[in-house]
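To keep things simple, chains are lettered A, B, C and D as they appear, and every chain counts its residues starting from 1.
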Amino acid sequence: MKINQKKTSWLFAILFFIVIIVGIWDASALIYGLQRGSLYALIALPLAMVLGIMDILNLAHGELLTVGLYASYVLFINFSIDPLISTLPVFIFLVILGGIIYFLTIKKVLGEGHLPQLLLTFGISIMLIELIKIYWTTRPRNVYRAYASSSITIGNFRIGSYEFLYVFLAFAVFLLLKLFLKKTRLGQAVYAVGQNPRGAEIVGINVDLVYLFIFCLSSGILGLTAGVMLPRVSIFPLTGNPFSLISFALVAMAGMGSINGILLAGITLGIAEAVIQAIPGYGGWSDLVFFGVLIAVIMAKNIQEA
Amino acid sequence: MKKIIFYLFFVIMAATLPYYAGGYLLHVSTTILIFMSLSLSWDMMLRTGQLSFGNAGFFGLGAYASLISVSNLDIHPVLSLFFAAVFAAGVALVVGFAVLRLRKIYFAITTLALALVFEVIVMNLSDLTGGSSGRVLPQAIFGGNSVLIYWLILFITIIVILISELLNKSKTHYAINSIRNDEITARSSGINVFKYLVFVFVFTSAIQGIIGGVYTQQYAFVMPESTFSLDFLLLPIAMALVGGIYTTMGPILGAIFLGLISEYLKLIMPYGHLFIYGLIIVIVILFLPEGIYKVARKKYRNRKSQEVKLDASSEGK
Amino acid sequence: MKKLSVVGIIFLLVVITLSLSFQIRADEDPIKIGAVNPLGDITGRQSTNAMELAVKELNEAGGLLGRPVELIVIDSELRPEKGASAIERLATSDEVDFFVGGMASSVHLAQIPTLKRYEKITVWIGAASHAIEEAVGPDEDWYFHLHPWDYQQGASYAYGWKDIEEKHPEVQIDSLFLAYEEGAFGTDSYESYQEYFESAQEGEGPYADLMEDFSGVSFVSAAHGGGDYRAMLRQAMNYDPDLFIWAGYDADAVPMLSQVREIGFSPPIYAGSPPGWPEDFGDSPLAENVVFFGMWAKSLNEVSPVAQHFWDEYIAMHDDEPVTYFAPLGYTNIHFLAKGVENAGTLEKEAVIESLREIEYDSPVGTTLKISPSRIISNQGFSEQKIIQWQDGVQEIIWPFDVATSEIIYPYEW
Amino acid sequence: MLEVNNLNVFYDKIQVIWELAMQVNKKEAVGIFGPNGSGKSTLIKAILGLVDSVEGEVLFRGQDLTKKKTYNIMRQGISLVPQNRELFPDMTVKENLKLGSAFISEARQSTDETLDFIYHIFPVLKKREEQLAGTLSGGQQRMLTVGRGLMAKPQLLILDEPSVGLQPSLVIELFQKLKEIKEKDVSILLAEQNVRQGLKIIDRGYVLENGRIVLEESAEDLLENEHIQKSYLGI
């Protein structure tokens, strides 16, 4: 786990360049990209933590988000709890669920290499999806909240305001996490385990506990995100699934375990995507740009002498 | 000698399957063989230490190459499979020079991203590929004769199995193993790591291309959403891991096991059978982390050595 | 060596037990209908439920030709090769007399070669892509397809809008904007609208006089990880169409409407053509006055006794409301087939095909089902869609007028 | 203070330590000498709970350590200076040192004092306080490892082959520092191949061969011992 990553600085440069160009051309694309990219980063962050600190490749990542969305939905339908308020109970619920999953499965494949983890979490993801299908069917569900379509108008410029919550939450979570890692003892333990679990054990850190904590916290962040997303999205058994891929993409782009990089990578890709979508007639190529940027960045950063 | 007779027995059993199994089992077997080849090709790449997620992409490229060569160039469907192989191998060669410089998760993600890029390109070249609604062939290969299709796929699978065995037995295998175990040492002992990686990447992609071609010829259509489906990536990986990686027998057993189990589960529980499927995968990883084949082999060897001990002790008396 | 023989024997045992177990006991008595549906999906699940209902009704009425009817359902898992396997199984192990089923085009495409091999009478309710028609070809008289093809649906709406324009002079449609999802479903729609537009410019085709201007922009469906429609919607707003149509999935419905409000877009007609609607969509204020194209709505119960009968019986049997039009279609599928057999008085293939072509079946989707040729195949069922509008949380049919339950509310406002 | 009785250790059913008994007394420096593969590292791992199959008794201040997890053992007043350093490469020298005491409740209060003490012994660490540990030279990393071990204010400091990979001049420097540390009343358990240097700081030593203790003598006696002279000192 690296906090003091210096390599991200040129990612900054790319982002800055894009922001200037796009800002002049189409400011709304910039804002949509920022909002969307923040959401990507927010969802990718827990994956990066689990991968960077525990070295666990979690393919069921998106499904944990799905579970969070359904949990928030259930609270709204049965107890009329507003999704934004339900972020807290859902956070706790996912922390507990994360703990259960950790004890039953993840704990047993720690340090076994990525392949068994990949398959294990693939199995878990199938199980979660099928459970949801059996109980809620594939029919999408929504929570209607008038505030989710709110907007602000500045002169002739009208822009959606709800999704700024993504931006806010992303930056808040990132800052809190960095503060936590730097300033608290548990944070230092996490930081140490991420760099060298053996060394951490030698200085008296309970590595198992740190792993449990990280897995629970990561699930919890997904729960938090789920509550904020719910008023804006449709939920169905495969809702979260595509986000696993996006998250892996961001983690690879940012460099394993780099926290700053995740936020930057998310926003860069978000803006790149929004820009293509805003060009009339070329929206269909936005995926290409998304993966093109991804491949280019990974190549540039990781080319090995061979 | 005994071994050869034994393998021959298997090949004959498999080749005569159409005479004693019904159409359903034949079709299930055909599907199993397709996934078996994909699984083996993925495992062969893994033996070099590189975790590739590009399977579905090269499978898709082969599928399109095969269909387009049949319908636009009017060549024989069987011949189109070579076209599929060459096309997939060619693309693999070009992209291989770039992506094979990456390692670990970066290589995995980039190959996956490439597969998705292929899909987007195919979707947008609609004049040639039919875009997102895909294209159909007037008829399946061999006029849809399922026995001939089965034999074709069996033939290809046997070749893939032989290649896999060859790769595990020949000199190349030392080079590949040493790359996997310690790349730096491999390089310092004079192995041209990059050359080997490109070599394996290209021919495994060619295999995936052929399989994509066969699949397309069997069902006579391509459609980006199903041709580039991640099923062609995840299921072969699952099969290799459940069976046991780095071996030839592993993916074979894994494909048979998972292929039959998923059909069987479906018959006994129409709703929610996939849940049990996921559960089986989880259980196998947790309790047989080395895969079925290696565990079975170990058990068998243990028993054998015990037998030897028993023999020795009885002799002593 | 021993190890290999053990493996060999196990393999042999597995093969033998499987080939035995996969062969169903020879019980020739019932007439067997084999269905392949995606049971994990709401459409497949409900259409299977409806098929079971129809079979139950048939058996309660004494069966077909004096024999009981048996429905054998296999999950397609929405995977092409699994869908094809299922057909093989139904044909060889279960030895069914007919094939029925529906949904995804990709799965059905993979089934066509197998279906062609067995040439049993097949009645299909899903898979609207014209690629299916191309794959089947013109000579297969045993193949019946009930769902309108994609191009038929598009033409059908044109007739609807023209009728509505005539009846309600305030409705004026000249320009049309299509928002389509990037997958097969949406892109197909876009391509067929593009074709209509080209012929309309030459004064031909169903959209002549209706589509003087046309534009379309794609979006990534929420079903595929998208869900941000604002770039697309802004382009639509700048275009300012008389008729805005989105071709996407049910998962797109609410988020798109919510973003329509966010950016302040208000076309005179806001129409969509999702395969279904989200749970409780009618209760959401967003639903008000949204128009959509579909085959069926609950309100048909007011005008069609068959629809009412289907509705009541479905709920009585499954304790669940039908929510997708694949439910009444599944019901139609079985009854249509049964009627053909009954009229033919035999299971003899040619006779049944003949009689199926003659049937006029009053179906719960409110339209009479009558076979007619489409572009390629000779046995096409429905060709018409309906224009439906959400009014006070209820889906009201506004066209065709003979089954209409309400008048159009125009313009769309929020 | 540390007492090992009847210790048997297995790797995958293969026994590597046999019936081992040893002890370290308060304020005593004890050496364990032996060739590569004799079981020195395994013994240390067994004491610290880093291997699974351990039979026998490991008592530290009367408590049995065999049932305890490594991190917990470390919190009892034992510190380890591992052979392969196990530093945190992306943290600064100071952060590395501070982690040494952060999780040991007795040591945490006096972090700053201990830090001063360590900077006093290893002035180079003070100089490179803000540098990332991964960028230090091999010798400096070794000093940092020892420093980190001391941060826990251990009653027993265990050093696993501290001289490995160091050039001779640095080895001499390191052992001088260890002597200083010893004077601070810290018990030391030192596993070493470099017997010559090791004998300079220990009070008593064991010789371990093939997983068994073959000799136990005071430092002076060991120096005189014929077997030691022949096999280890090359005299």
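Just so we're on the same page, a contact is a pair of C-beta atoms (placed from the backbone, for glycine too) under 8 Å apart; a residue touches a chain by one contact, two chains touch by 3 or more.
Owing to the predicted nature of the structure, the values given are computational and were not obtained by experimental measurement.
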Minimal step count in the chain contact network, chain C to chain D:
2
Averaging the CA atoms per chain, pick out the one whose centre lands closest to the mean of every protein CA shown.
A
Between A-D and A-B, which chain pair shares more contacting C-beta pairs?
A-B
Please tell me the distance, in whole Å, between the geometric centres of chain A and chain D computed from their C-alpha atoms.
43
Per the centroid of Cα atoms for each chain, what is the distance between chain A and chain B, given in Å?
32
Gap in Å, rounded to a whole number, between the CA centres of chain C and chain B:
35
Where chain A touches two or more other chains simultaneously, the residues are 130, 133, 245, 284, 287
Could you tell me which residues belong to chain B and also touch two or more other chains?
123, 271, 274
Which of the chains are touching one another, listed as pairs?
A-B, A-C, A-D, B-C
Touching chain C in the complex: which residues of chain A?
28-29, 32, 36, 130, 133, 137-142, 144, 146, 148-151, 158, 160, 162, 231-234, 236, 238-239, 241-243, 245-246, 274, 277-278, 280-281, 283-284, 286-287
What part of chain B is in contact with chain C in the complex they form?
2-3, 6, 9-10, 13, 17, 20-28, 31, 34, 123, 126, 130-140, 144-146, 215, 218-221, 223-226, 229, 231, 256, 260, 263-264, 266, 270-271, 273-274, 296-297, 300, 304
Across the complex, what residues on chain A touch chain B?
51, 57, 105, 108-109, 112, 114-116, 118-120, 122-127, 129-131, 133-134, 245, 248-249, 251-252, 256, 284-285, 287-288, 291-292, 294-295, 298-299, 302-306
Complex contacts: residues of chain C adjacent to chain A:
40-42, 45, 182, 217-220, 222-225, 227-228, 230-232, 234-235, 249-255, 258-264, 276, 278-281, 283-286, 323
In their complex, what parts of chain D are in touch with chain A?
69-72, 74-75, 80, 82, 86-91, 95, 98-100, 102-104, 132, 148, 152
